[in-house]
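First, the structure itself, so that you have it in front of you.
Chain nomenclature is as follows: A, B, C and D, assigned in order of appearance, with residue numbering initiated at 1 for each chain independently.
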Amino acid sequence: MSEPLVVMDGLTIRAPTRTLVEGVSFTVHGGRVTALVGPSGAGKSLTARAVMCVLDVDPGLVGGSLRYPALDPNVDWYEGVRGGGMSAQQRLLARTRHLRGAYFTYSPQAASSALNPGRTIGRQLTMAIARRQTPPDNLGAEIRRILQQVGLQPWAAGALPGELSGGMAQRAALAIAVAPKPRLVIADEPETGLDPVLRRAVVELLVQVCKDEGAGLLLISHHKDTVKRIADDVIQLRGQHGETGGTA
Amino acid sequence: MARNPAWMSAGLASLALLGTGASLSYYEEALPTTLNPLFADTMVDRRSQELVFDRLWYHDAITNELKSRIVQRYEVAEGGQALKIHLTPGVKWHNGKGLSSKDICFTVDALLDKGTPSPLAEGYRQILEGCDTQGNSTALVRFTRVFHNPRERLGFAVLPASEFSSTAVTPDLPFGSHPVGTGPFKGTKGRRGANFEAFGNAHHGPALAQLRLSEGQDGSILVRALINNGMQGIVQVPPPNRPELSASDEVALKSYDLRSWWFIALNTNKGPLADKKVRQALNLMLDRTELRKFAIGVEAGDENSPCEFISGPFVQSSPYYNRAVPVVERANMARAEKLLTEAGLSKSGGSWMYKGAKVTFNIGMLATLNAEATDILDQIGNQLGKGGFDRQVDKVRADEWARRVTTGNAQEFDLLIGKWSFGLVEDVNDQFHTRKGGEGKLNIFNYSNPEVDGILGEYAAARTDTAAQDAYHKLHKVLATDLPYLFLWKLDSRSAWRTEVRNNIIAPYYYFTEIDGWKYSK
Amino acid sequence: MTGRWPAIGVSAVLFAALIVLAVIAPEFLSEANLDLKEFGPAAVPPFGADDRGRPLWELAAQGARVVALPSVVAGLVVGLFAAAGGLIRSMDLRWADSAVAAFGEVVGALPRMVVILIVALLLPRDWRGLFPLAATWALLSAPGAMDEAAAVAERLGGARFVEALRAHGYSSWRIFVVHVVAFNLRPVIVRQAAEVTMQVVFLEISLSYLATSNDDPSFTHPDSVRSWADILHLGYRALAFDAPYMHALVLGLGLVALVAGTTIGISRAARAR
Amino acid sequence: MKRWWVRPLVRTVAALALPVAVPLLLTLLLWALPGDPASIVCPPENCTGTEALAERWNLHRGPMHFFSAWMSNAAGGELGNSWRMQAGVPVSDLVKESIPNTLALIGLAFIPILLGTVLAALDAIHRRLDPILHLMGLFPAVILAVIAAAWKVLTYTEFGGETAALFLGAAVLGIADGAFSGAVTGTRSVSSAERRQRYTGVGVLRGETELSNILPNITPALVGQLRARILHLFSGAVVVEVVLKIDGLGDLLWQAALVQDFGVVLPVATVFACFSAILLLAQALAEGGVAVWIRWSPKGVMERAA
């Protein structure tokens, strides 16, 4: 089994009135596809965001620990944040900014509204690539390669998100997600808003690209079939208790 | 803070002149409209121009004798129809050039040039024939006819030929704000004031180094400025502010003889006012005593009242004032109503009807009068209202007054409240003569009465002072009955100067004639 | 303020107060009475006397009459313009939209006060009054109002919103007048109208003050009538030379506050649900 | 995003049209007034022979002749002389002495507004302050100016305290008629609307800051608002300059217009139009610049693929 990228232990997040997630624990490994599944409202997105240290509910994080072993197995990033409320979570957000978009990246759902309408795909890719440790010697060529990898024509680099179709936007979003050569890609229901055929294609592509780039994939999804087909590990969120399931 | 060049130079000059002489700041009623004597419009213009220019002849402020600073001697020539003038040597223009006979003749030619759009010139065209230079310092000024007092007729300010390209002098020339004269001060007109710097000359040696004119504003500000020595003088102190100043021992209130009187011109060629009876009724309806009390704050029987009633177009101190004609001090409603009914007006529901319609008077007033007599417009309106006349009242800006009212173009009004100011020569031809040719230039409602024209003719033709007097006494009597104007009062003019300003003799009308003698020491 | 009724109540009362003031205004000020001059509210209720001993309420009322009609009319005009702007956008009339835009570019590009000043000073005597100036102001404010209303309609979904309603089989009247204007554009239209009304009142005060303070004839009303500016001028003298007219200053500021309060109230009332 | 250049183009055209349209309009007004222009310029009472003057001022051959003559002179920097207000003084001098004061006034007043805009864009002004801001914004310029003037007299700066007047005036302008409060609330509404957009949140998940994400998209709106505010300052400057007796353009216009001195009104109004034009151009430039910046994409992507 490859090295663990994220070790979440007993994640508990509270909103003013109720508990949103309680005692969720799991590990995400590099080079594998981990699916985060559960009924809507089970806190899938919340958990994914927690993995990225983006917590914006009050009081928010009250229990649990988060480790990125590939970076430093001894650091618990939630240290001093638990029960610290908004301010502590804000500090965490600032402290971990350098990780987001580098160590792990995010591929949103309904990409056409998730991409900055004021930046061309090319610019967004450039910014993403800039997060790499070692910049490519030919930026143009690199962008072209990534675009090809997600099945987009080079001209897409000059296009603004508003000028792309839903499917193309989704591919672009994926391209932007993998461009920084992250250890882990977190994809939030990438198939949403796409027709069945396109949906399948996009997910396959997602898995394929992550494999090619040697990145782990944390896939948030409520489509059982998708999950069965592609997931190596499954994290089942049942409203309250979560556990890491066995191999598919 | 950037200021206009005039003020800049003023600032520098005052620095440069420290020690050599003092600088005085004073408030005028308004800014001079122009410093070009040919286009003098207001009293402020005349006063300011007196600082910059020399009039060929002028009246001494104390002895009242006819004098000249730039004429050394003169002879009557051509059997009294011309005057040979020998100029005072050494007189310099503010541009450094010397005064010569050319300048005298240029001024005369400018006055006679049809291209010079000046009402003043209009007047001189009736009197002057022409001018010839005889050498550098002698000029021969010719008249249209023989005058018994030719020098009296030559009161115009002399202009420098060198500053003009032609004898057609127009109001838009830079000369209007940066004039060149031979007077005691070199003047420049700025945006918020005018600045006058002393100019030593053979015939002038002003003790003051600089005079700065600022536009007057809220009376209380003037008073405060003066008492706090922010300013040294106020040329025209509004009556309401006089008590506060006379209470201060740092300030001296000085009365000066400005022959100016207030009137309400009646539109004699419109509606009921065309009827003499109606005009007489209005004259009786006005309670001058009340008006004076409310607007100027004078109680009846006030000993040193700044305001004396008049019954005709002259101030009571004038030789032309006809004391036989009584003034209406209090309203007499009964007689007024009787006259109105005789004139065919009828009263219904408290208001007068004329030819079946309610009578509404459109009343206008020269806006600047409000400073001297607060809300007089309202007061007069109220009195007419009580008398049973509806009204619509409007103030008229000074410039519109000059442009439309005095030119007889404001016929939409029925009553116009105004004020005339005169020098020693109280010639009312312009006000009351039928408007034609050069006559009746200031005839507000184009009033025309052959009898009046006749009398005015007599005055013009008069060869002796008594003849002139008789004519004007007759005129006074006629106007007091025919009433093209309701004559109100003479409001005496008071200046306030700080006591450090000494020897400041104020000349009637032109005010600054004796400025050379003024002194200022802290 | 979230509740609708309090806002409506307050603004209605304030507005009524202004109108009543305007209605009861005397045509001419009463006789001067120098014995009463400088007297405060105690001596001359309710507001005290002016420098001629005339009750200040007369000045206040006359001032209200001067501004009441023109300012309200200007407000209504701008309201109509705003509604038009919103409708044009939701009807998806491209040409009209771009025409409005072009109009707005030119009109919106000029400093309003400069335009007003020029108009005010060039008007012939018999045209003089607040109405032409208020009209000019309304015209100058129109493009902005239309633009904002259009933006709201845009956010509403513009033409798509209308299509959706058509699908419900609503009549055009019901769609445009009821749903678009009354339900959705109401807040912005009312706010724009109220604000322009207020601006015109303040414009009158400004112009009259500039005139009064140096004895010039007024641009906005016959000189037998007084404006709120005259009250404020007394107040100025109270401030500057501690002349005994503090009560005038209070009244003047109070009237300004009254107008501002009405504007806020009305806008809030329109916004609240 | 298609045809992004339309708006900037319209603005540019409007900007170029203004300095011509305004004097033309005024010329027509002069002719529309009752009475012939020459006698309005020089009252018959002190102009018995106006023909010569009319000719000198090109008033004798109809509005178009006058306009074209005036424009060609103005193009050469020759703004003509004052006809009444300061007879014979070159208007260019009057304008030259006035512009610095007006610009100083507006510049000073603009500082707080710009500050407010920036802070609001950074979301650094707490909403609890809004009621206070609104209250401040309710005062019309004239009221504040009057209070300022009174204070100025009290402190006797009346007698030679132009600088005091300038700062007071700027303070008045910066606050009055919702100048500052409008800048804050206006900017905030724009930026918060953008902050609510989904892409901003996603940007955060990608390790970007909110501001860097929204800035290019809100810039055009902000520039538009700022332009409107500056225009507003020009309007307010007229009142403030007259009340506080500051020798600025607005005061010049007022004084000239009072005596119907078209020789001055015309050029001053045109100068105002020029300022407006400059603002329009600046906005067009900003919009165009942003639009171009937005479309940037790295070189070399199309190579070989093309």
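One rule holds for everything that comes next: a contact is a pair of C-beta atoms (placed from the backbone, for glycine too) under 8 Å apart; a residue touches a chain by one contact, two chains touch by 3 or more.
The structure presented is a predicted model; accordingly, all values stated were derived computationally and were not measured.
**Q** Which chain is most central here if centres come from C-alpha coordinates alone?
**A** Ranked by how close its C-alpha centre lies to the overall one, first comes D.
**Q** Looking at C-alpha means, what's the farthest chain from subunit B?
**A** Between subunit B and every other chain, the largest centroid distance is to A.
**Q** Would you mind pulling out the distance in Å between where the CA atoms of subunit B average out and where those of subunit C do?
**A** The computed centroid separation for subunit B versus subunit C comes out at 44 Å.
**Q** I'd like the Å distance between the centres of subunit C and subunit D, where a centre is the mean of that chain's Cα atoms.
**A** 23
**Q** What is the distance in Å between the mean C-alpha positions of subunit A and subunit C?
**A** That gives a centre separation of 55 Å.
**Q** Where in subunit C do residues touch two or more other chains at once?
**A** 213, 216, 240-241
**Q** Can you pull out the residues of subunit D that are in contact with at least two other chains?
**A** Subunit D, residues with two or more chain partners: 153, 258, 260.
**Q** Residues of subunit A touching 2+ other chains?
**A** none
**Q** All pairs of touching chains?
**A** A-D, B-C, B-D, C-D
**Q** Contact residues on subunit C for subunit B in the complex?
**A** Spelled out, the residues of subunit C in touch with subunit B are 28-29, 31-32, 34, 51-52, 125-126, 213-218, 222-224, 237, 240-241, 243.
**Q** Enumerate the contact residues on subunit C facing subunit D in the complex.
**A** It is residues 101-102, 105-106, 108-114, 117-118, 121-122, 124, 144, 202, 205-206, 209-210, 213, 216, 229, 232-233, 235-236, 239-241, 253, 256-257, 260, 264 of subunit C that touch subunit D.
**Q** Write out the stretch or stretches of subunit B touching subunit C in their complex.
**A** That would be residues 217-218, 220-221, 224, 293-294, 297, 367-368, 370-371, 374-375, 377-379, 381-382, 385, 391-397, 412 of subunit B.
**Q** Spell out the residues on subunit D that touch subunit A in their complex, using ranges where they run on.
**A** Residues in contact with subunit A: 1, 197-199, 202-208, 213, 216-217, 294-306.
**Q** Per the contact definition, I'd like the list of subunit D residues that touch subunit B in the complex.
**A** 39-40, 42-50, 52-53, 56-57, 81-84, 86-89, 93-94, 97, 100-101, 153, 156, 158-159, 162-163, 166, 245, 247, 252, 255, 258-260, 263
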